[in-house]
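Presented below are the structures under discussion, each in the form of structure tokens.
Look at the two complexes coming up: chain A is in both, with chain B in one and chain C in the other.
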Partner chain A sequence: MQGMADFFRWLADAHHINLTIFYDSVDQKRFLLGLYTTIWLSAVCIVMSILLGLVGAAMQGARSRIVRAGVQGFVQFFRNTPPLVQLAFFYFAVSTLLPTVSDGHGGRMPMINNTGWAVISFSLFAAAFNIEIFRSGIEAVPRSTVEAAEALGYSRTKAYVYVILPLAFRVCFPALGNNLVNLVKTTTLAYAIGVPELLYAAAQIWSEVLNVREMMWVLLITYIVILAALVFVLDRWERALRIPGYSA
Partner chain B sequence: MSNTPLADLPVLLSVRRLPNANTFDGVGAIRMARAIRWPALAAGLILVGAANGQTVGPSEAPDVVGIVIKWMPLIGAAFLFNLLVSVASMAIGTALGFIPGLGQISVHKGVRDLSWLVTQFFRNAPWLVLIFFAMFLLPFEIRVGPITIPLPAWFKAVIGLALPVMANVAEIVRGGILAIPIGQWESAESLAFSRRQIIWQIIMPQAFKQMIPPWMNLYAILTMATTLISVVGIQDSMTVTRSVLVAEARTELYLPFYFVLLLMFFVYCYPIARLTQTLERRYAVLS
Partner chain C sequence: MKRISTYLMIAIGLLASITVAAAQDTLAQIKQRGTIIVGVKNDYKPWGFLDPSGKIVGMETDLVNDIANRIGVKAELVPVTAANRMEFLQQGRIDLVVATMGDTEARRKVVGMIEPNYYAGATNVLAPKSANLKKWEDLKDRKVCAVQGAYYNRRVSQLYSPEMVVFPSVPDALNALQGGNCVAFLFDDTLIVSTLAGGDSKWANYEMPLVSEDPQLWAMGVRLSDLDSPFGKLLKDISVEWHKSGKLIELEKKWGIKSSPYLQEEHKKLGGS
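Up next, the complex of A and B:
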């Protein structure tokens, strides 16, 4: 470990490639916190957006026209407006509608902090896409399969959970993976409201150490590694889920 | 009956006056109410939202609409700047995207691999990071011999947005070409077309049609992404909205203003999305 730090110190002195994150403990801690925040944010948003997507897709199959129109309105609105403005809308505007809570030191603080709003905003944004993706998957399940489930006495919900979803999920997996990759990229927007994620950490470091060039490459490569890992996991998962003879 | 100047947009002012106006001129008021019900509903929704936010008296409430309308020209102009940036980035990105796009189907392995690498790199990096990348790593001016070309910040941002567009266009070009049945290639070859002729005279004219819907979809995504340039300090609709809110210094205005900004993008992007769907259906491959 010491050897590596020495190597990067030498690299900075001799070649002006100043990668403080490898030898300066403060910068290293910042960077690792940023990395952790980005991964945490991505993971939470992925789970939330999939859950919301499933609920939304189920609601789109509802009998009530109002429910269907509501879901459709939500989907179209969130798909066709900029995620950054959505984030600002939630963080600056919607937060003013919520009451404040005591921070334990006699002061007041907002009920949901910036990380919380980032999770809410990105989850809704990705969910809007997920709803459409799941719906297309559900539509791809043959009508005869649904009828067979009904004939076997499955209720609407049970058929949805045990028959339709498992098949639909496999059909829409590639599109879902694409959207989740996009979601991870979208988490960089949290920078705009001061969530200490990767971009924020990198910006902090480069504005102090003035190693923009080096940090920029570190940032790009880190994101590509994170996304490659996600794609790898999704790919493995897709293969594990595959049913012989059933493909999209 | 009304001596308010026209600039105050009488359409929305009359919402307030409706009960009174009824006693004077019932038919006119009803006709007016019919004409304005949708705008009034939208405005009313914003008002309800704003009124929930803070304790705004009923006499103050219409004020919010007035303030929104007062600033609309400024925010609208900034929104047009966003659109200008989106068009410029799209033009540059599309022109550049054909290079790695066609490169990926090159007969030379080196060209193919390099094009693939460039495409994957710029497609998988977050847009915001690429904008930072362009803003910080491009020089503020370029010297070509005696001529100095200045690179203003907004132009660097356009380049920053054009990079991911380029990579996405590359994928669209590749996808469009691959969607053309292999029989087209074979029959063109059997008619002694050269590879260049096959691509430009046989494949491309057919592939173009395939490429239009995803290309339009990309344009809508890009338009929404133009707000990212506000993060690196360029005056766009987002920055202007924020400045207006700072100038007005009233928290109950946050909700209507950001909502109107969202609506502006929605009104622009939603028709594009619908048209994309229609074209997608019409151009579905018949192989």
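Up next, the complex of A and C:
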């Protein structure tokens, strides 16, 4: 470990390639926290957005007109506003309207902190797209299949869970994968409200150590690795779901 | 195919001309261009901020205009932040940085700092009176808003271990402070003094509760290669002249900045009247 630190210190002195994250403990800690935050934020948002997407898509097929209109409004709102604007809106505007809680030092602070708003904002943003993605899958399930399920005595909910969804999921999987990859990249926006994710950590480091170029490379490569891992998992999942003779 | 090769030639030609331009003496280039391009702050009252008409004004802008007048060119102001000003300078997008830049050892490796320095600032926090901060140690484990790229962020976080929430620009951080997202805003004391003195009612219940720490000289920055060029030498002479003639002290008064002992000392040292 010491040898590696020495190597990177030498690299900085001799070749002006200053990768402080490999030898400076403060910067290293910052970077690792950034990596952890990005992965945590991505994972939580992926799960939340899929769950919300499934619920939303089911509600889109509801009998009640009000429920359907509600879902439609949600989708349009979150799909047609930039995620950075949503984030700033939540953090700077909505946050102050909510009740405050004690900050443990005798003061008050808003109920939801910056990381909380990032989770909420990105989950809702991605969920709006996921609803539409699931709808595309659901509409691709042949009407005759649904009727067959009904004829076999499935209730509406049971038909949705056991027949429509499994088929729909396979159809919309590529589109869902795209949206999730996008979601992970969107987490960098949390930087604007001071959530210590990767871009924030990198910007902290480069503005102090002035190694912008090096940190840009580090950032790019780190994101490629994170997203390659996600794509690999999605790919395996898609293959595991494959039904011979159904879809491609 | 032919068209592609033409484009390629044009691109190579452009690249070559840029490299040639960079190699030229900066002062000659500024005169030839008729403008000096300077990176300044636009969110840092009273040093560089936007007036109601959207123009950048402030003490540093006055200094920049003085430099431009002395060279006999126009000044073009480019808003920069602490995080990008040195990159802009190195890329040749700007000729000079006059943007509340602290003169630190680490930065001297990358930027040519013009001496004598034109100001000295120190670190403090802006906090609501109800936060009841008494000493720097009170910040421990509490949320402190700051702005990215400021030199004191690292020092304060290492000494007093607050939980830092760092924003891209000053208005974001001030908004977060107003929203109660942090207990204090860590910044340069001159900005805090001028914010409090501005008379804005939204700051009525705020104060600068701590003793300013870590005085830091501010410097104009040029590319390292320009430090000993005619451009760098001219700037050094101008800076000496500012101290001697008392121009800096005068501007300090004009913009309502708390009188800095550093400027008084330099004024005496350089034999001003």
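Remarks
Note that in this section the second predicted complex is superposed on the first by the 247 of 248 C-alpha atoms of A that agree within 3 Å, B and C clash if a C-alpha of one lies under 4 Å from a C-alpha of the other, contacts with A are read in each partner's own complex, and residues count from 1 in each chain.
Basically, a residue touches a chain if its C-beta (ideal position, glycine included) is under 8 Å from a C-beta of that chain, and two chains touch if they have at least 3 such contacts.
As the structure is a prediction and not an experimental result, all values here were calculated from the model.
Judged by the touch definition given at the top, the superposed model places A:Ser64 against neither chain B nor chain C. Contacts of A:Ser207 after superposition on the shared chain: chain C is touched, whereas chain B is not.
When chain B and chain C are set side by side, the one touching more residues of chain A is B.
When both complexes are overlaid on chain A, the residue A:Gln2 reaches neither chain B nor chain C. Using the contact criterion defined above for the overlaid structures, shared-chain residue A:Thr157 touches neither chain B nor chain C, since it reaches no partner. In the superposed model, A:Phe77 lies in contact with chain B only, and not with chain C.
In the superposition on chain A, A:Val85 contacts chain B only, with no contact to chain C. Legend: residue contacts after superposition of the two complexes on their common chain; A:Ser144 is shown touching neither chain B nor chain C. In the superposition on chain A, A:Gly107 makes contact with chain C only, while chain B stays out of contact range. Across the superposed pair, chain B and chain C both touch chain A at residues 92, 96, 191-192, 203, 206, 212. Those residues of chain C that touch chain A in the complex are listed here as 82-83, 86-87, 106-107, 109-110, 130-132, 142-143, 145, 148-149, 151, 153-154, 158, 165-168, 172, 175-176, 178-181, 183. Listing the residues of chain B that touch chain A in their complex gives 49, 52-54, 121, 124-129, 132-133, 136-137, 220, 224-228, 230-231, 238, 242, 245, 251-252, 254-255, 257-259, 261-262, 265-266, 269-270, 273.
On the chain A side of its complex with chain B, the touching residues are 76-77, 79-86, 88-89, 92-94, 96-97, 181, 185-189, 191-192, 199, 203, 206, 212-213, 216, 219-220, 223-224, 227-228.
Residue ranges on chain A touching chain C, taken from their complex, read 26, 91-92, 95-96, 100, 103, 105-110, 113-114, 191-194, 200, 203-204, 206-210, 212.
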